[in-house]
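Have a look at the structure below, then the notes.
Labels A, B, C and D are assigned to the chains in the order they are written; within every chain, residues are numbered from 1.
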């Protein structure tokens, strides 16, 4: 599969990978994520998915950069719009399709759904819905690695501008700085928390100004520009890994979908759609590829086809798999069976 | 009583009160608070107080400035080290002694103790222990006033540098900015949260740098300098009242007591005791009075005596009052009697 | 005309905003043209400018702000996007709102709306029923309306009550439940309703489970069993008298709740009935709750996790045989 | 030699730090020369450098950090300064730690220590018993040791358990309770103890209230009443079998808990006993809890608020007469 192949090639690659190679690699993950999510949306419209579908359209450039610079052993705490980053980090496509399509073989086995999936065993944390809560969890995972004497690791946690207003986010960010763990927080300001525009979310001029108040290093970012995402987020990861203080990156984009696919996003104003940050990062990246002639149109078409094939395969596999069944389920919330309580 | 007299004089005073008058007025509140708290400490040592005694020694200059610029109708949310501010705001001494000495006539009627007292009916909020929680309550009170069409009011909420790390504080501060209410937050960094020094509390260079990330205006302050406290906090109150964005003032002091009187504070380092912020603000103010010859020694001695008399009276009164009794208590947690639930 | 449970909640809020200047609505996405994740405030921001306000994702501050506003005379309604997120506001609800009257003699009339309970595909963090946690602590009224009419009148009453009210509205009922019209009056808070009369077994329930209980009662009627269904309406105060009177008639008690099994409403009802009405019981009182695991996402698991009419019928039959 | 309940907790932590490299202690003021608000970690920071860490006032992050550390292989012990402040960490405890194994198949072995329960002059926010809230939600073990020996062995076991444990230690017992020495072994978690045998009445209790129950048992013995006292030790899992076996012997049940009266441990015990052991009961099971108000500050009010030996004796006598 693509992700396996590329992950290997990533670690094998000489340290001075050509920026263009990185750019193209990232682009392909973005393409895969977009293809996958478009497919999920059409399944959703066809009534084939239970629960919500939440996609990262317009945020793939930021997200892919979050996953791309992490190595085995690093900690990744993605959120709901991080398909590109999850794939780049190494999440198999089957984890996605199995979760959305309700296969009992998925990582959450039908117990949790859609974007809540994760594999903490492989350092991809499984988010709870409560926004902000995963920051301190990432801090703890990093402390653990330090306790165990590991070196050179880093953690990256994603957040939206909405989630940044949650108390848990504040406590997590502050404790990261107190513990001086190698954490990168990538905040994506997509200008809405569900239907709520920025002016009812916060009142500071720029959210990156939060960094100084915690002792983080802060960077702003045009999230529609893949090159910038790779440079800024890659740089933050590098600095955290090298022992610099925790890093905050704030990217500006527009969410190019509803909050979830149930949402027509009619509250998004026409005015904001004309803002520069409203560009589609995938199209911008494609334009860059064309302008710089990084690859030709034929290759692009091939990549597109390849992505579609992989997505179709992963969906077909998951669709053939049995769902979980209530009467076969192991109804036990704890791992130590001898301690199970059994009230009526 | 002193506080009543002075409060009246405060409102009657021409707008251009001489700074010296304000300084002396503030000094007398500080003196009263110090006298009261020293007395409470000695009662505590004599085993005459149930529960803890938490004093504001070393923080009176900051605290008094918090209470002094508020008028009737303003909202005040003091915390545990704000005796000076509470008195200056208009809290009767009897509220304090009745609460500490367990009179049933106190504002909390024996239901809550020591620094938890308040009179929300008179806009002095009664704190819960959970630090940070009172910020948003103050915001709500201010919104209410705006809803009701009131004008020219302001709210002031106190916090320690420790409480600033609580999630509730963050949410409260942010929502204040979103709602653009006339709020002043006065944060006193006394360099310890209980036994925990600053380096395990936060990692930014200066907590005033938090302001910009919320859209607050931020000011730093030497909290040992009464003149500076009056100027900076008075200025913040004036700006908030005039419709400027919410204000954050961060004062630097050293807590000149244990966390509570049960605590010998042996963890406070000798080094920190030699820092400039370790001065006793009361002594500094007294020195200023002497240096500038604002009043003579005799007057000072008289003021001291007056404070002692008032404190003694308030204690004597409270001591004669009956405590609450379990069998006479109204054991009802809600105001609407017809809705009382009565499980066993 | 027909009106859903959700529309009743919207209408109640419209009426409250219309009739009482002290009322405002505060919550994530409640304002603008959007009107809330479930549209319970749809159109209200436009109709009542400045009184239906979007908030940041800050549940603690949302409730704290409401408390402060109530102290200064307003009657805020706070909408949690899902009951599950009220865990973030729990400290303000329990320790600030719940204790305020006791401490200061000043009640805080806030209403916190919790879109509660399970629906298909919602998973562990968008399905919870938290009434038992709020009822455990002193100082709060906890409402759990099961009908369109109650959804309407109880929300109006919640705002009228001077004490803090946790109003648990069931998401499954939002669209599933319809009434012909809205009532002008309802039962008073704290009074349970005998939704269906019967002489053989009392099923005590509340919120969505009332309808499962009713279905079972219908199902067992042809077998000659007459099941009485009691809808608690509010779990705090809990109307012990009505429950006891019913058990006095039937001699048999089954409690059904959708929440987790340890503690909670069903345990509380049984403890009260056995303490005060032990002699009334002809058989051991029984209860049915959800399973003791988080609420699963997959519909197959979800429907096995929550109490079902099938399970209720099985247990009811067993009880009737005893 | 004699050792207090508090010292037992300190000794258990010292042993854990000594024996297991994965253990670290995380909480406000636990480190430095200070050793915690109650000195439960006194001296440990010095003895185990870098493993007893002060935290900011950030209960949510304290537990979140512990969860992350546990996911990556550590065994953190989190000290809340008072149980009451765990309301801030409740979301992490219930929704993150409590669900993690169910969701991901990976347990999170954290231990959260809650200094719980009432003492004189502590008031509404430094006196709470929160075991019923944590036991209500799935996924957690909730321990409530009542003796010095249990305080010691159960804390050691708590850290050994792969699942999240909420360890409720009672502040009133800290200094009041002494033992001659520490045991090397204890009863397994989930097993209740018959603290005193009797044939006439079973009093089920846990934590500090066990000692009130014992006092009443002593007091009533000369009257010819033999009271059996069951100490639950952990309220989740709750040892229904031991309770039922005791009720089978005595035919009478009184449950005593210090927490608020609505729901909670005493209701849960009664619901279980009546559901499974209805025929064993010769009289209506009864319960005693604290009153349904916040916990008062003044000693006069506080001692009237919590269950007292006097009240227990009164109710026990009434039950014995039935």
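Points worth noting:
The criterion applied here is as follows: a residue touches a chain if its C-beta (ideal position, glycine included) is under 8 Å from a C-beta of that chain, and two chains touch if they have at least 3 such contacts.
Given the structure is predicted, the values throughout are model-derived calculations rather than measurements.
Look at the CA centroids: the one farthest from the centroid of chain C belongs to B.
Rounded to a whole number, the gap between the C-alpha centres of chain B and chain C is 40 angstrom. In whole angstrom, the spacing between the mean C-alpha positions of chain A and chain C is 36. Chain geometry summary: the mean Cα position of chain C and that of chain D are 30 Å apart.
Each of residues 55-56, 58-61, 84, 87-88, 91, 95, 98-99, 102-103, 124-125, 138-139, 236, 238, 262, 268, 271, 275, 286-287, 291-294 in chain D touches at least two other chains. Shared interface positions of chain B, i.e. residues touching 2 or more other chains, are given as 108, 111-112, 116, 128-130, 132, 165-168, 171, 174, 178, 200-202, 332-333, 341-344.
Chain contacts here are complete: no pair of chains fails to touch. The touching residues of chain B, counted against chain A in their complex, run 132, 165-171, 174, 177-178, 180, 199-205, 207, 209-215, 245.
Interface of chain C with chain B (complex): residues 22, 24, 55-56, 58-74, 76, 91-92, 95-96, 98-107, 138-141, 161-163, 188-190, 236-238, 240, 268, 271-272, 275.
On the chain D side of its complex with chain C, the touching residues are 84, 87-88, 90-91, 94-95, 98-99, 102-103, 124-125, 132-133, 135-139, 236, 238, 259-260, 262-268, 270-271, 274-279, 281, 283-287, 291-294. Only residues 75, 107-109, 111-112, 116, 118-121, 123, 125-126, 128-130, 133-145, 147-148, 167-168, 171-172, 174-175, 178-179, 332-336, 338-344 of chain B touch chain C when the two sit together in their complex.
Listing the residues of chain A that touch chain C in their complex gives 50-52, 102, 108, 110-114, 116, 128-132, 162-163, 165-168, 193-197, 200-202, 266-267, 323-327, 329, 331-333, 341-344.
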